[in-house]
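Just below sit the structures, each encoded as structure tokens.
Paired with chain B in one complex and with chain C in the other, chain A is shared by the two complexes that follow.
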Partner chain A sequence: MLKLMSRRGLNWVIPTVIGGSLLLALPWFGRAYYTHIFILIFLNIILAMSYRLLYVTGLVSFCHVTFYAIGAYTSAILAMKLGLPFGICFLVGGIAAAAAAAFLILVTSRARGAYFFLISFSFLGVMNTVFMQWRGMTGGASGITSIPPIMGFTTVTPYFYIILAFTAVTIFVMYLLYRSRFGSELMAIGEAEDLAEVIGIDVLRHRMVAAAIGALFAGFAGSLFAHYEGFIAPTSFPMWTTIYILSWCVIGGVRKFWGPIVGAVLMTAISEYGRMMGAMQAIFYAAVLLAVIMAMPNGIVGLVDTLRTRFGRRQYLGGDTKLGAGPPPVVDE
Partner chain B sequence: MTAQLIINGLVLSLTIALMSAGMTLIFGILRVVNFAHGEFYMFGAVIAFFAMNRAGMGYVEASIVAIATVGLLGWVANRLVFRRFHGKLIEGCIAAIALSIGFQQVGWIIFGPHQQILTSPLTGSVEIFGAIVTMDRLLIIGVALVVILGLAWLIRYTKLGRSMRAVQQDSEAALTLGISVNRVAGLTFGIATALAALAGTLVGTVYTVHPVMGMLPLTFAFIVIIVGGMGSVMGAFIAAFIIGFQHSLTSTFWGPQFALGLSLGVAILMLIFRPRGLMGHA
Partner chain C sequence: MAILEVDKVTKRFGGLEALRDVDLQVESGELVGLIGPNGAGKSTFFNILSGVTRPTSGKVFFQGEDITGMKPHRIAEKGLARNFQATRLFGNLSVLKNIQLACHIPARTNIAGDVFRLPSVRQRESEAQQKAIDIVKLGGLEVVSDELAKNLPHGYQRALGVAIALAVGPKLLCLDEPVTGMNAEETRFMMGFIEKIRKEGITILLVEHHMRVVMDICDRITVLNFGRKIAEGKPDEIQGNKDVIEAYLGRPEDVT
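Let's look at the complex of A and B:
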């Protein structure tokens, strides 16, 4: 066991250290454009990770971008109208998004499946109308300009480190949640809601907490985005973003912890690479999305796991795992 | 004023009824929310436009060509893609979204960023109860009404309609009774997309044809199938009238920018207090 642990540990440590240092050094040798792309990827990772939390409980929402937008608008409005420092704007932005999410789950507690999907779509539409029409606060269609930068930074590099650090914090928190009893209970609700209720899991409260934590991080990401870009408008948060978030999760494999990250990184890179292809970009993106959803119903990470249990060394058969016998069941939806 | 309101409300209600009847049929049979429905609508108008302006057809022939082509395209889309997602809500939605992104881009490539209009075969206007109504609007109302009644008849009285309802209620039981679920799904998809194309060719005579014209009717169709109850064609018709007239009234008395938000608000209230909609079953 010790041998296995150390070898596996080494296998992970070296690529992580190399990859991590390359990532940290990126702003110093890459062009500012690439740094910007990486910042977008980080924000997308946060969005995908936070979206996953409610998704695994069986509620697929269509309005994650709205929580992102609520965070961005709240933070920007506080900074502009009241002149509050970034830290307070950031916190309040996240909390506002979390409150909105908890409220949405509470009032729609009777809606399931397709109905929740469409109700969250309606919520997205209503909030878009609010952002467009509440001109005194949100600036309407022209949005809010010259939002004060974080601690006066005006170049890309500091934002790269700030947002990278926050992404790391997000992944760490999500990992703790994933490993916790609460995380398992969320998965249990998604697997069999009635059964979970029978064994004493408060389904509604769990979903509210999951949605609130997810929206909290989406709101934080929105706040970072607003102060990084310096400009937000309803067009910064189009309906498509929510579709992209959903597709990253599904492409990567939403039931696996690393799935949303893989999906977000891969698809953001593909769509940025695709910019060079001009008109074919959207068709390429659509083709990749369709191919993945048709060929790999459990996403990329799900497929890799399946292949590893099928063709890899039978490490699960050894006596040194808790499972004891046989490979773990592959969740087939 | 009142008569004008009623005419505008009717035009909107009937076109969104055509869209949402198709979407709700597809949902009933395949349990998939067809996000690409707006693109079939757009294709209907775009193909009719090309048939009229490149092939020199008249409006009626061009519409028939467009509706038949889009219906066939819908059948093929079901055969290649949607059939595999029977009952898989989220995967089906994502596949539909992927098709929607791709189709919309095809629309940009073949049609370009222009805004065009289909030339209506009827011109001039008539006065009804003091309202001046252009003939193209009357054409929309007439054709849509006939088609909707035809669809209601098809679902209620024909063998295909009975099979559709059987598959919707329980696809496995329908299969044991010798109904080919795949065949019914393919026909349903063809009919639903042909209805969307019809709506596109009709609306293209009044509003402009462009590659993203499908987004707004898609949003309306979502609202309508929520309010009407998913899978219920009758519910979709009733809800289309409620939402169409609500939109028309709100636009006239309050301002068009609030109309869509209010419709979505109606949908949210419906989902909160009666999640299965007007006519849907749980």
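Let's look at the complex of A and C:
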């Protein structure tokens, strides 16, 4: 048993160590452009993971990018107008986004499906107007320029490590969340809301907390983005971003913990690669999306899991044996 | 003392009157049947008890406390649980996990403690898990305990629905047509399950169309028709009641 475990452990350890070291070394041998692409990938991972949190409770929103924008604007404005240090701007940016999300869920507590989607779309519209029109604060269409960098760093490399570290923190926190009973209860709400309610789950409260945590991380990512780029404007947050976030989740497999991560990495890379194709980029992206949806309805990670259970070791034995040995481990979903 | 007391509950949906001035008393430890033709208002009545819908007027008292209009999760916490007529399960979770999720009410904790797995949370979770396993055994679901709920045969799905409600730890369990669509063997199995629940000292309110089941196991029966209570009494009294026979079969002159 011990031998088996250590072998299984090693299977994971070796690729992780090699991959991790390659990733850590990347800024030192790649071009700055690649480092920049990786930073975008990290931010997109955070966006996809934070989006999934509300998604699993059965609410598909159109305004996740707005929480990203709220984090970015709040952080940038605090730094510019009040000269606050980055740490405080970062925290307040995230909290502002979380508060906005909790408020949105509270006022839409009775809306579901298409209705919630449309209300969240209206929220996005309202906030876009605020960013465009509140010129004294947001700089209107021309945005905010020369946002102070984080701790004075002006090259790409330090940002690579800062944002990588924060992405790791995000993944870890999400892992803890989904592993907990609270995480399972979020899944339960998504599966059958009315049943969740009558077994004593406070659906509204859970959704508010899920939305707030999701928006908190999206807001943090927005703050990192603002201080990394040094410039934000309404065009930095196009409204289609949420659709892209949704597509990353679906392509990777939204039911699986690693799904949004795989989707965000792959599709960000593909769309950057697609830039070379000019006008064909959107068609290429759409083709990949359609191919994945048709060939793997549970996403890439979903397919991998299905294949593993079909061809690999059976995960659960079922029946009395399993009950005697204790219930299956509570992981992922 | 009556565990459940329903006082003149009326529910209108626009112009349609689903329930009118319905009274009901359930004593602690009883198994009370609620029957009536389709559309009589039974499911609406259950939705009102469990807080899914609010009555237009009237009151519901549970253990002497007014629970009218309370949110469903609060009512569940008070100890009133239900299943659903149409099978509702957490389809993509295992049978054990379905039950375990419902086993939390005495183990309520805060989200932060939950996420960071404080020792107290672990303790409670393992207790919840043990309780879930006991309920799996009580419901005869051992063989399928690791299957995803959506992959179960119908009979097991219905039994799981009841097991989930039982896991809430109710004092009053409201069962909405637990044997619907079951064959004779599955029905016998489910009746055995209900008997076992009853032996645990849990009061049961049962909505069912299957007359044999109702007449066999209920202490008392209440009959609804078109939203009104038309009869109440022991099974043999109900079987001979003229109004009830009319409600189900129509009046003799209607036939000719």
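Things to note:
The rule is short, and it goes like this: the second predicted complex is superposed on the first by the 312 of 333 C-alpha atoms of A that agree within 3 Å, B and C clash if a C-alpha of one lies under 4 Å from a C-alpha of the other, contacts with A are read in each partner's own complex, and residues count from 1 in each chain.
What we mean here is this: a residue touches a chain if its C-beta (ideal position, glycine included) is under 8 Å from a C-beta of that chain, and two chains touch if they have at least 3 such contacts.
Because the structure is a prediction, the values reported are computed rather than measured.
Looking at the shared chain after the overlay, A:126 reaches chain B, while chain C stays out of its contact range. In the superposed pair of complexes, A:60 makes contact with chain B only, with no contact to chain C. Once the two complexes are laid over each other on the shared chain, residue contacts for A:201 go to chain C alone; chain B is not touched. Look at A:110: by the touch rule set out above, it reaches chain B but stays clear of chain C. Touch criterion met: A:182 reaches chain C, while chain B stays clear of it. In the superposition on chain A, A:18 makes contact with neither chain B nor chain C.
Contact with chain B, but none with chain C, is seen for A:118 once the two complexes are overlaid on the shared chain.
Shared-chain residue A:269: touches no atom of chain B or chain C.
After overlaying the two complexes on the shared chain, residue contacts for A:290 are found with chain B alone; chain C is out of touch. Of the residues of chain A, those at positions 333 touch chain B in one of the two structures and chain C in the other. Looking at the complex, you find that chain B touches chain A at residues 27, 31, 33, 81, 84, 88-91, 93-95, 97-99, 101-102, 104-106, 108-109, 219, 222-223, 225-226, 230, 257-258, 260-261, 264-265, 267-268, 271-272, 275-276. The touching residues of chain C, counted against chain A in their complex, run 50-52, 71-73, 75-77, 81-82, 84, 88-94, 96-97, 100-102, 104-105, 109, 111, 114-117, 121, 125, 129, 132-133, 136-137, 142-147, 164-165, 167-168.
Residues 60, 107-108, 110-115, 117-119, 121-123, 125-126, 128-130, 132-133, 243, 246-247, 250, 279-283, 285-287, 289-290, 293-294, 297, 333 of chain A are the ones that touch chain B when the two sit in their complex. Put simply, chain A touches chain C in their complex at residues 176-177, 179-185, 187-188, 191-192, 194-203, 209, 255, 316-320, 322-323, 326-328, 330, 333.
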